[in-house]
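For reference, the structure is listed below as structure tokens.
The letters A, B, C and D name the chains in turn, as written, and every chain counts its residues from 1.
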Amino acid sequence: MTIRKILIFTPILVIFFLLQSYFWVPTYEQQSRGNPNRLNEYITASIGDASILNPILSADSASSNINSMVFEGLIDRDEELRFRGRLARYWDIHEEAFFYVNEKANIPGVGKAGAKKVVELLKRAKAGDLPANDEVRASLANIEEIFIIPAREFLVTRHEKKTETDQEDTEVKIKVMAPNRINLVLSSVDQDLFQNLSLILGKDYFSSFNGENYLGVDQELGQKKRAEYAKEILPSTEHNPIVVFKLRPNVKFHDGHIFDANDVKFTFEAIMNPKNLSPRVADYEPVKEVQAVDPLTVRIVYKRLYSPALGTWSMGILPEHLLNDETLRDEANRVGKDPEKFSIRQSSFNRHPIGCGPFVFREWKSDQYITLNGFDDYWEGPPNYKRYIYRIIPDLLTQEMEFYAGTIDSYGVQPHQVQRLQNDPKYQGFSGLSLGYTYIGYNMRREPFDDHRVRMALSMAIDVDKIIKYVLHGQGERITGPFVKQTDYYNHGIKPVPYDPEGALKLLEEAGWKRNKEGWLERDGKRLQFTLITNSGNDLRKAILTIAQGAWKQIGIDVRTDLLEWAVFIQERVDKADFDALILGWLMGIEPDLYQIWHSSQTNPYQLNFVGFRNPQADDLIIKIRREYNYGRQVAYSHQLHEIIAREKPYTFLYVTKWTAVLDKKIVIKETDSKGNVVYKKIKPTKTGIYTFHFNKWIKLPEVPSFAPEG
Amino acid sequence: MDNILLSVQDLKFYFIGNERVARALDGVSYEVSKGETVCLVGESGCGKTVSALTILRIIPQPPGKIMGGKVLFNGQNLLDLSEEEMQKIRGNHIAMVFQEPMTSLNPVFTVEDQIQEAIMVHEMVDEKSVRERCIQLLKDVGIPSPEERLKDYPHQLSGGQRQRVMIAMALACDPDLVIADEPTTALDVTIQAQILNLFQELKQKRQMSLLYITHDLGVVANIADRIYVMYAGIIVEQGDTSNIFHNPCHPYTQGLLKSLPGRAKRGSKLHSIPGTVPDPAHKPGSCPFHPRCDFAIQACGTEFPRVCDYGEGHLSRCPVLYENKVPKVN
Amino acid sequence: MLSFIGRSIIQKIITLFFVSVVSFLIIHLAPGKPSQVDPLNPKFTPEMVERFRKEFHLDKPLYIQYIYFYRDLLTGKTVSWKDNQSVLKKIWERFLNSLPLFIVGTILTWTLSFPIGIRSAIFRGGLYDRSSTFFSYLLISIPGFFFAYILIIFVVTRFHVPVIGMETFGLGASSWTHMVMDRIWHLLLPSVLGATGGIAILSRYVRSQMLEVESQDYVRTARAKGVPEEQVLYKHALRNALLPFVTMFGLILPGLIGGSVIIESIFSWPGMGRMAYEAILARDYPIILTVNFISAVLVLAGTFVSDVLYMVVDPRIRL
Amino acid sequence: MIKKDIKNLLQNTGVAPRRSRLQESWRILKGNSLAFVGLIIFALFFCTALAGLILTSGTKPVFDPAMVRLQEKLLPPLSSPNLETLRPEEIPKLGVYLFGTDDLGRDVFARMLQGAWVSLTVGFVAVGIAVLIGIFMGGISGYFGQSHIRVDQILAAFVLLLGGGLLAVGAIFSGSALLLIGSAYIFFSRWLKKGLGKQPPPKWMKVFFAGVISIDTLIMRLVDIMLCFPSFFLILTVVALLPASMYNIMIVIGLTSWMGATRFVRAEFLSLREQDFVTAARALGVSNWRIIFRHMIPNAIAPVLVSATIGIATAILTEAGLSFLGFGVPPPHATWGNILSDGKRFIFDAPWLTFVPGFAILLVVLSFNLFGEGLRDILNPKLKERY
């Protein structure tokens, strides 16, 4: 019967056909032996896909990873975390400072004075004619030149809503009669300049300058508004730090176009263009202007002191010729979109990026892989790997399986896998501290967390060392404050909170919480009870949630726990500061800028200081750190800030994790020495733990080589 | 006897369940001679259909199981044949017409397909002649414009027509014996008569034997040469039509005859046999009819009744009546 | 016939409308906002969040958003919020990826279940039937991802071959037979896993259909005609038993979309299911809604096709 | 062997009594060994779940599933605790970790016990919701299906819905106004019905009283709409959007799986409606509700019961699947699904964390399925007649 035969033989054939394909698939060893090309490829795995391959628009780590291969910034950080020139060969930072001559102020020993007199006075002071302490002397010595900007008149227009409910803006014309202004050219940035100058010019010389007197407004304006305008248009003093980059000549984009200063200027403008909705606006907002002085010189003037400024220029530079208005308009017309609304964000560039980094973008299959090719014209010489493939494998366990099967060269090793992999003679392992830390944050607006003793007690009740040992499998270190542990800003002098449940109980008793018959802590008949929340999908946080609950239960605190999906967690609880305590982590930048997380002005809903930490001393230090260009002083301020935060315990700082990478031992560094001989070296992490620092020189060999003795 | 076409001898057929056994046929014997019409009569559930299906061995086994006996067809024991040999008998030598014309035709094949198949499984013939034969068959069973009907699906035919198609199918290979299992029960009275006439006609024309199974004594009287009365898996009485009708010798047969509407006097109450057919799983080892029997004596409940011969092939399984010569009906 | 088709199409369009409303409401009324308009993201200033909201029409009342969304969808202009790509293009790509998985899975399901089911119907109550019943239920009962992990670990540790993804990475320029076979190998595990449940359910269904049909009178008729047993089963019984499967066959199409989120995640197979899942995580409404809409269309089309097919196959139904 | 049995049976048949329906069912069930084993496991699981509820809840449970003992993590099954490092209250009551410990040193046995109860609850509540909705909708559609909904009813419902929606959104004034209008209309029309009796409504109102769509069509279209969503995807969407909680998961699974029950009940009702005993009851003037509850539901419940049994199995699997994707029942509740998905990370280091819950789920779901299959046989009258 044919039907019967068909029904029985078809499945057998299908299964046979499927199974026989096994014999065609290469095993781990065959992959590199039978296929020499495989050695020239580096395949890495990631949980998530990239979203937008444009350094000024990307906001996720997967995209940043790719962008850092395709694009290159002006500078980056070297093995010691110091800045190092990339597209810029070198740079220089100095400052121009300005202040308006306050003719009404009494200068001690001189009385009221005009511009010329003030300049004279300053010159005398600089020459050392006036008595001054060391700091003032240093500030004065820093001044290179002093000019007078003569008084002038100009018109400013502003758009203003008269009342809150007003729909339309009314135009406000302001006639400004600016007085003489003095321009100081400084050889380095000096945040204390005006403070020091006021010792010469009089305590309130700068603060008593009233810009309102020089404004002529044609309309009725509230007093408050007027003052605001005055402060904005005629600030009494102004710092203008200036960074000048000298660019590397003959650097090529992947399409062969030569990189120059215009590309830098364009990148900045693209970020600031509101149409592009770049998430990096905040970093560049302090920039006053970017000037392309000549094709190889860029001069960047800042509106105010902003010490993290230099670090922002590690961002990848976009090719101006591919994204300027004209090409965008062409593209918009090509795809039939409104050229007015069409921005870089819509451009197909973001899926086919072109930069001047070591790797050329080749292909992107969403949720599968992104392929990059080595760039032969890379200014530092082409990378050894011919190809870089970024695979997306959402499941951690299957990543591991793929690693065993040899189809990925590296992946994010989980703490519990480290031991197993490091014992395997086939692999080499690296590990180092990561930049982020994990903490338990307390909502300091609420009882009982408004009491410093309670926060301290809660911290003391958790055995962090045990967590690190057992939950992180030793892949972590304790942390006591908000700075990145491997930087100098971190204050190593502060000792971590000891695990001491007895001490915690004592502290709580001081705060009025006593154990009742059932063993729960109680005050005025109210049980010490709160909810600890975190987001779902993070196994470590979930583990800590359980551990903290258990630990606190032991000292008699009734803790409920809740796991929330990320978006809900953030939007409903964190943003609205509607939580008691939460477990979260920060991924820090190397810069010591803590303004958004710790400054008291950032405690409103939707801001990052959601625990509601307020400390005037800390506020002051945060501002100072932001402005300080002097590394030593910045470190000193940071140590002070670290101490305050560690003392106040708005968070229980838990740990910073160690990342671990495992590679096949066949992957080595290949260099050519001065004589032209090929030298293989073992991959070694830098002092700060970056193991991919020499990635461009990596290569996979068919066999593990014997290494030359190291000298 | 050479003349005997089919001889069923002491056939036992049980349904075996998990915990119980239903004795559907409990030693049934009957014969059909060549060219003869034999009727198997009995209430529903007494094993008529099972006995017909057992002859063709198309009853699922398990749960059914033949426990003993013989089915001799032309002297050959059908129960000894292999499945392949049996297939050659079915349709070819013994054909069957079923009770429910509505469901006995496969709804997804055309009439032609189904008749054709009946021929093709037994004979090597070319398509054209098969087609002609189909048309001829349909003509024989009295279906108008058979060419068009061939293309029809069963659901497009009326009940009577479907039964005619069934009969045509049964006749397709000129079988020696046609077993008709209550072929008219599901039909209207007028159509019943037509079909009965058709059977009579065809039988004469084709000189085949007919084993007609029914519960309707009225039908039996019209067509049967001989009658077997079945009750609860055994034959309780057998004999010529006239013998059975005029001289029923088993209380059950008597009861059946009495309950024929035509026989009752006008205005009087119709006779009915009290009680129901026993559950084949729980029937007594003695006379199965005794719980409902007016003449039952104590021995009826303990002994299996023996066969009593009234002569002329008229046999009955009621020793009580035989010995007491209880007056006949009427 | 025509009037049936017409009526049924109108009915389906109305249903589709309600589906679109319901899915729209579910998504928009649930808490949680798309990450692009997540005010907490430190890289987004409030003004930008506002701009995003405007761009996605999130500041408009719901019904206007609804109109905008479906207008864009029907004109093919919808873009994903996550990466500004055309949603339809994205879905099409994913669809092509899911397709081989789906086809192999369907072939396996529909070829294997029939012999298994028919055989166990024929030998009803026998050892084969009991064991196939048991294994069917075993396959239905095993948690998919548990099974998947066991299989993957077994294959990788035992045979040392890659199984994740759509192909072996870094295979380089091999002969095309290698490439094709490699792809087929990668299809094997996920499609087998995807098919197991289907095979189990379908073979049970085939069995019960066969049992149902086997006890029908016409099967007895066929036997009485002297038709060989095999032909009885595979022609008379099967043909009737198959009728309900025509309906099921129409409904396998939507399975393409629902796909298997779990299997695709584990095998990092970039299919529709995973895209939908990631869209849910990112609150990428256009993708979620479009996938929903398309799957609804497929379901309705599937039921429509199966209705029509049924009419074609079953001679008893004529409209 | 078989022959002997038959002989025995033959001897017994004469006296075998007729059995009650329950006994008959029991007999069939015992005949189906797979289903019987299923029932036993089902019963065991039920007891385990109950025991789990009792032994793992309260402030000082016998087995504390939340007790963290970090130094005792990832111990294989049957290993004994290291008594020196544990405080007295941390020592497991059995003196041994029956199923080993997990990555935080929690006793897997205690967690499995607790999980049994939670999994069972998820299954039962979800299916309970689905079945209730199914019976309700299917019943209405099968019994009252032929009556039409009138325009005015649609309008009233619309007004009420809109009012509720507005209230939910926050427009309190307009929302409550609409609600008032809607309910006022309903009272008014009831009063109108009583007052007017059989008097025909005025002509201009006829438009409002025109029947638009039959209830049956409405409900079946609703079922169609629900069936248009791929079910796991729909559950996933809703669960992902809602705050994670055990109750949400139960409700969502319930709300997305009532369609099958509705169809069953509707089909049963449609056929029951035509049956003589219902006609008879109606002829006797028995009220609709009494007919439904006394006569029809008990008869229609059989297929629903079967699908419910299998539905519980499906719900447990669905929960496990959601757990795998990170949307399952959140801690502190342990379910077998989330023990499994938590444990899979450690499949090489601690395979028992995957295999214990994995096989437990497998076993229980299998037993539910087999039992459901057996139940289907019992309740299927056709099968009962066969021998």
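The definition used in the following text is that a residue touches a chain if its C-beta (ideal position, glycine included) is under 8 Å from a C-beta of that chain, and two chains touch if they have at least 3 such contacts.
Everything quoted here is computed from the prediction, not taken from an experiment.
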Problem - Identifier of the chain whose CA centre is least distant from the whole-structure CA centre - result: C
Practice task
Pick out whichever of the two, B-C or C-D, is joined by more C-beta pairs in contact.
Solution key: C-D
Exercise for the section: Indicate the whole-number Å distance between the mean C-alpha point of chain C and the mean C-alpha point of chain D. Expected result: 24
Practice task
Measure off the straight-line distance from the CA centroid of chain B to the CA centroid of chain D, and report it in whole Å.
Solution key: 52
Practice task
Return the distance between the CA-based centres of chain A and chain D, expressed in whole Å.
Solution key: 49
Exercise for the section: Spell out, as numbers or ranges, the residues of chain D touching 2 or more other chains. Expected result: 240, 243, 344, 347
Problem - Junction residues of chain B, two or more chains touched - result: none
Completion exercise
Each of the following residues of chain C touches two or more other chains, namely 31-32, 149, 153, 231, 265, 281
Practice task
Enumerate the contact residues on chain D facing chain C in the complex.
Solution key: 34, 221, 224-225, 227-233, 236-238, 240-243, 313, 317, 320-321, 324-325, 337, 340-341, 344, 347, 354, 358, 361-362, 365-366, 368-370, 373
Practice task
Give every residue of chain C touching chain B within the complex, in rising order.
Solution key: 125, 216-218, 220-229, 231, 236, 239-240, 243, 313-316
Fill in the blank from the handout: In the complex, the residues of chain D that touch chain A are 59, 66-68, 70-71, 73, 103-106, 240, 243-244, 326-327, 330-332, 342, 344-349
Practice task
Show which residues of chain B lie in contact with chain C when the two form their complex.
Solution key: 53, 56, 58, 62, 83-84, 87-92, 95-96, 98, 100, 103-110, 117-118, 121-122, 153, 155, 166, 169, 172
Problem - chain A - residues contacting chain C, complex - result: 1, 3-4, 7-8, 10-11, 14-15, 17-29, 31, 35, 37-38, 41, 43, 49, 51-52, 59, 274, 277, 279-282, 345-346, 350-351, 365-369, 389, 391-395, 397-398, 401-402, 404-408, 565-568, 570-572, 574-575, 596, 606, 608
